[in-house]
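Two complexes come next, and they have one chain in common, chain A, joined by chain B in the first and chain C in the second.
After this line comes the complex of A and B, so read on.
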């Protein structure tokens, strides 16, 4: 059928995931274009509309919060209430 | 934030020419492809649906066949419990701050959301109306120009009539001129002929008068004194006879 590199991610079976990850384009240009594609999808779906809701901005802010929590986790680790979980 | 970085760095990466992005190279040419005349697709009305303002609807649809309606909620609860119990999410003073901020934000959005949205829509509508007005004005101007152009074309056609009228005028002038000259010619010729006639009449009359006077003169000249006396004597005798006859008639 269709080769792995040209299938959508939802159509790739779970066992073929490593193959799919290997077939992606990892050149700087490829990465940049992937980021641009992702940004365009998000932007055109949630922000570039006539009556946008809170969803678009809220998702971006939540993502920012989560990312900064992850980056600060090594520091926050020391505020844990119990030593063994 | 990341997107803005992309937007700033993309042109720098694209222009690989050593001259830089400001100068246009001679080798580049614009507008070489086919121009697509399809109208620009309109913006979608609403964004993608989001539940709780955070979680896209697609996740709920993705999990629905396997887990039904409550699937994502159970997933969320389980995830939250796991994060809390393993203290991957640590509860500290920041949690309290985040909670208060979250409550304030949610309250603010619920209360002021619709009015702010209406205001933003009004601004947008004003912008669109202004641009539409410009476009409408341009369209009406161009239509007016089309009307004027058609009128001018109609007028240009009407010029034929003008030429016909002028041609008629010129023909009439020529005719008038011709007739004037004809009249002048006839009157001149008539004048000359009249002159000749008058000349002839004059000639004849002068000849007649001259002849008559010449005859009179010759007659008068031919009456010699002798003949004059004889004629006078005869006249006297005639008169006497007549007187006698008259006398005789009167007495009878």
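After this line comes the complex of A and C, so read on.
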């Protein structure tokens, strides 16, 4: 059979997911190449098209806003419904 | 109460990574590199058009020696405009509100223009310290004043950018808080405040772009004097 690190993610069974996560490349080079691959996939699908509209960039910006919210959640949760600010 | 309005200018850390790292890396993602193709996608075409026009306009008054700075100044302008405009999105962090970053941009670049002037044409560079046609008794005072004004330039560049953006963000937060708090009590006033908030947001968009432009323009001016 094909070793777990060389199978496509859709072919990995649910129970084998921790093993798959452990077999991924977590060196800085590995992380960098993963980011580059992800970026290339997104860019070529949504932005690098002949008649791209605002959708591609809008998705990127929405993702950025959501990520920023996650980053700031611990900080903002104190502001929620305080009586005296 | 006083502290919580300035909280937006602190970069919170999540999993050990400060938010400013994410905010600073976004311009790289949003401004893709042009390819070797003849026809690129729309985003790249728009971007290339904008960059070319901007560089052309910027380099118009500068003579040939200063054209080495074209790439640097345009790249700086792009970075500042992206950082400023992205900071207007909700929950995002604007790195240019930090004085340290703006001074980090202003001081080395200004110092470079001064040193270039002093090395290549020291007489002309020193001559800028005395405007033409000043009455003789005023000369000592004016030299001191012009030297002070020369040394205050990097400070002014950095603080101008910081102050404009910080003030804009603070105003938005204050007026938004006011509109939100007024809503249950006096809906009419809340609607008026919301209108003010909307206009202010438009202003902030303009300010974001203008400030970046002014920064780069002034730098090019200093370069023009000295090159």
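Heads up, the rule we're going with is that the second predicted complex is superposed on the first by the 80 of 85 C-alpha atoms of A that agree within 3 Å, B and C clash if a C-alpha of one lies under 4 Å from a C-alpha of the other, contacts with A are read in each partner's own complex, and residues count from 1 in each chain.
Note that contacts are C-beta pairs under 8 Å (C-beta built on N, C-alpha and C of every residue); 3 or more make two chains touch, one makes a residue touch a chain.
Worth saying up front: this structure is predicted, and the values here are computed from it rather than measured.
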For this session: Please work out whether A:50 is in contact with chain B alone, chain C alone, both, or neither, and reply first, second, both or neither.
Result: both
Exercise. Which of the two partners, first being chain B and second being chain C, lies in contact with A:32: first, second, both, or neither?
Worked result: first
Exercise. Between chain B (first) and chain C (second), which does A:21 come into contact with in this model arrangement: first, second, both, or neither?
Worked result: neither
Exercise. If you stack the two complexes on chain A, which partner ends up touching A:59: first (chain B), second (chain C), both, or neither?
Worked result: first
Exercise. Should A:67 be classified as contacting the first partner (chain B), the second (chain C), both, or neither?
Worked result: second
Exercise. Should A:77 be classified as contacting the first partner (chain B), the second (chain C), both, or neither?
Worked result: first
For this session: Starting from the residues of chain A touching chain B, keep only those that also touch chain C in the other complex, and list them.
Result: 39, 43, 47-53, 56, 64-65, 69, 76, 79, 85
Problem set entry | Footprint of chain C on chain A - complex, ascending | 39, 43, 47-53, 56-57, 60-61, 64-65, 67-72, 74-76, 79, 84-85
For this session: Quick one: which bits of chain B touch chain A in the complex? Just the residue numbers, please.
Result: 1-3, 6, 10, 13, 43-50, 53-54, 56, 85-87, 89-92, 98, 109, 113, 117, 121, 124
Exercise. Taking the complex as given, what residues does chain A use to touch chain B?
Worked result: 32, 35-36, 39, 43, 45-56, 58-59, 62, 64-65, 69, 76-77, 79-82, 85
Problem set entry | Of all residues in chain C, those that touch chain A in their complex | 1, 4, 7, 10, 12, 14, 19, 22-23, 26, 29-30, 32, 41-43, 86, 89-93, 177
